[in-house]
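What follows is a pair of complexes built around chain A, which joins chain B in one and chain C in the other.
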Partner chain A sequence: MLSLFFDAVLALALPLLAWRVLTTRDLYRAVILFIAFGLLVALSWARLDAPDIALAEAAIGAGLTGALFLNTVGGLVGRKRSPSRESDESREVAERREAIQSSPGEPVDEVMRPWWVRLALTVPILALGLALGWAVVSFPEPAIDLAQQASDNLEASGVDHGVTAVLLNFRSYDTLLEIGVLLLAVVAVWSLDLGRVRGGQAALSKGLPVLHGLVRLLTPIMIIVGGYLLWAGAKQPGGAFQAGAVLGALGVLLVLSGLVRPPLSDGSGLRIGLAVGFAVFLGIGTAVMLATGELLNYPPASTYGLIIIIELFLTVSIALTLAALFVTAPPRKEQGSKEHSEEKGEES
Partner chain B sequence: MASVLGWASAALVLVGAFFFLAGTVGLLRFPDVYNRLHALTKADNVGLGFVVLGLILQAGSLLSAFKILLIWLLVLASGATAAHLVATAALRGGIKPWKHR
Partner chain C sequence: MPELYLGVATFLLLNIMVGLIRILRGPTPPDRMLTAQLFGTTGVAILLLLASALSLPALTDVALVLALLGAVATVAFVLRAWHKPDLDGEEE
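After this line comes the complex of A and B, so read on.
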């Protein structure tokens, strides 16, 4: 009874929060709402008995994505649109800005949406939502029960946890491509050359002994938790993604508190760390072709060892990727001094 | 014995929930950022503390009791630091503490 009530509150709060995230004009407020939304989504996954996804959602969806968004909003503070575009609609826009803003200089969503645009959007969106809802409710029984198949073949997968077995054995091709996408994301962000847009970091980096104390306290704990999650992934919820998210969050904390400077001068260590997960995964995936003749088809005797090796390197790369996305600026090549310190916290 | 434990933990969790409620009301009603932080950290520290105490009575094993306690300690550390950071940022940003007139 009580849990039903709890689920009902959750189910009502989720669409309400999602709506508020999308309609809030103050971008900072929207980000805070988004983080709250992510936490409730994580809670929902936990209620649905999917602790793996709950862990990943809490760490990546709410935590790190929230940090990335806050970084972006911080970078937008005080910026304005180019004056040439403002001249056409200046008075109206200025009035709207006044109405939306709580304090001047904060970034707001300025796009005008007249009522007929909203109405025209509402109708197809409602139709799509209803159609999707109907499709989910009226799902036919699947011809092949994939969950049953996965748990039937768990023994052959080399690990004792179903989700890890699916991610790194049965559907490892998907995971390989996902890691490739993460790598591409860093390359894309670096190529935007956001070196000067580093919101919030400068303001936080000096003279905060309390923050430094907390980060020093949390660093060993987070390294242990990350290592534990990686190791536990073989037989219970956890794995490379969750471990990587925790260690990536540690990287963000270290950079944000100013205790560790991101490697801006010579980033070859960082570059190797970012690529090593994908490289090792692909390397092992193709190397096993010699033994079994198929891509990513591990030989049965060494499955467990191979999966653990892959997960170890994946964790390093995922952690560095998430931290690098937060830092945004690529390492600079032209200067000579060496700062390798960032990897220390994350490769252990 | 079991039911005594059950009632005790229910009472503790309810006390914790009361602190969360009071903290939320304070967050919504207090006049400035410093007062709101004060209300919020009460909920985080004391409210969660009571909830944790209540849950520890139900933990069943020493290990899970210790884990729950650890969560509270981590929240204490991060909550205090976050409050300190927000207050420092507000003070540096020129927000003056509210005074009763």
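After this line comes the complex of A and C, so read on.
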């Protein structure tokens, strides 16, 4: 009874929050609602007996993504100040902007769409939503029970935890491609040439003793928890992604507080660290072809060792990727175009 | 005992719902950010209670990760997102 009430409150809150996240024009409010949304989603996964996903959602949804979005909003505030648009619309936009804003200086989504555009968008979106809902309701019984197959073959996988077995053995090809996507994301952000953020030095010069105390307290704990999650992944929820997220958050904290130089200035070391996860995964995946003749088909005797090695390097790469995405996020207004060009020089 | 834990967890979830008012109303960004921080703390408590009530020890790890990472967003907010007028000097 009580659990039903708990679930009902969650189930009511999630769509409400999602709706507010999407319709709020004040960007701060949207980001903070998104953080709260991530937290409730993590609670929902916990209620659905999916602690692996709850762990990933708690680390990435409620923790890191919020920090990345806040960073971006901070960058947008700086850009908004330049009087860029002098069109006929700007007056109307300014008026409506003022009506939306609860306090001056908050960044606001300024794109105003006329009603007919909204109507034209509503129809196909509604149709898509109904089609998806119908697809879920009329889902046929799967011909093969994959979950059952995975747990039946768990012994052959080399690890004792089903999710890790699927991610790094049964469906390791998918995971390999995901790591490739992470690498591509960093390449894409770097190719935008946004310049680097120097918040860290500023924080150091402003002197924030509480922050530095917090970071010094959290650093050893986060390193231990990251290692624990990586190790625990073999037999209980955990693994490279969660460990990488915790260590990546540590990297973000260190950069933000100015205790580590923001650009992670040694470019080649950073590049090697970003690529090493994908490289080792692909290298082991192809090397086992010599023994078994198939890509990513590990020889049974050494499965556990190979999975742990792959996960170790994946953790390093994932953590560095998350921290690197943060460092190269949009710069604030102090960093104008002149600093931008000088940074281009030292980048190469 | 599980019933009691679940009851307290439900009460804390209702607390989060009430806190949503502060996120939606504001009025200033720090109010909203602090509410998100409060949600994180409450979420840790709910997860720990659920771990006991449902005997799912893995949820303790989730609570641990949430507790560690909850502060990151707030730090990012203070240092990167929120332009406090007297800190930056040139805000209007």
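Rule of thumb we're sticking to: the second predicted complex is superposed on the first by the 307 of 348 C-alpha atoms of A that agree within 3 Å, B and C clash if a C-alpha of one lies under 4 Å from a C-alpha of the other, contacts with A are read in each partner's own complex, and residues count from 1 in each chain.
The criterion applied here is as follows: a residue touches a chain if its C-beta (ideal position, glycine included) is under 8 Å from a C-beta of that chain, and two chains touch if they have at least 3 such contacts.
This structure is a prediction, so every number in the text was calculated from the model and none was measured.
Chemist: Counting touched residues of chain A, say whether chain B or chain C comes out ahead.
Modeler: More residues of chain A are touched by C.
Chemist: Touching A:Ala240, do we find chain B (first), chain C (second), both, or neither?
Modeler: neither
Chemist: Please work out whether A:Val280 is in contact with chain B alone, chain C alone, both, or neither, and reply first, second, both or neither.
Modeler: neither
Chemist: So, does A:Val210 touch the first partner chain B, the second partner chain C, both, or neither?
Modeler: The first partner, chain B, only.
Chemist: So, A:Leu176: does it touch chain B (first), chain C (second), both, or neither?
Modeler: neither
Chemist: Now for A:Ile310: first (chain B), second (chain C), both, or neither, which partner does it touch?
Modeler: neither
Chemist: Touching chain B and also chain C: which chain A residues?
Modeler: Residues common to the chain A contacts of chain C and of chain B are 203, 211, 214, 218, 221, listed in rising order.
Chemist: For chain A, which residues count as touching chain B in their complex?
Modeler: Residues 203-204, 208, 210-211, 213-214, 217-218, 221.
Chemist: Provide the residue numbers of chain C that touch chain A in the complex, in ascending order.
Modeler: Checking each residue of chain C against chain A gives 3, 6-7, 9-10, 13-14, 16-17, 20, 23-24, 26-29, 32-33, 35-36, 39-40, 43, 46-47, 50, 54, 56, 58-59, 61-62, 64-66, 68-73, 75-83, 85, 87, 91-92.
Chemist: Chain A touches which residues of chain B in the complex?
Modeler: 74, 77-78, 80-81, 84-85, 88-89
Chemist: What does chain A use to touch chain C in their complex?
Modeler: 2-3, 5-6, 9-10, 13, 17, 20, 28-29, 31-33, 35-36, 39-40, 42-43, 46-47, 49, 51-52, 54-55, 58-59, 62-64, 66-68, 70-71, 73-75, 77, 102-106, 197, 199, 202-203, 206, 211, 214, 218, 221-222, 225, 229, 232, 236-238, 242, 245-246, 249, 252-253, 256-257, 332
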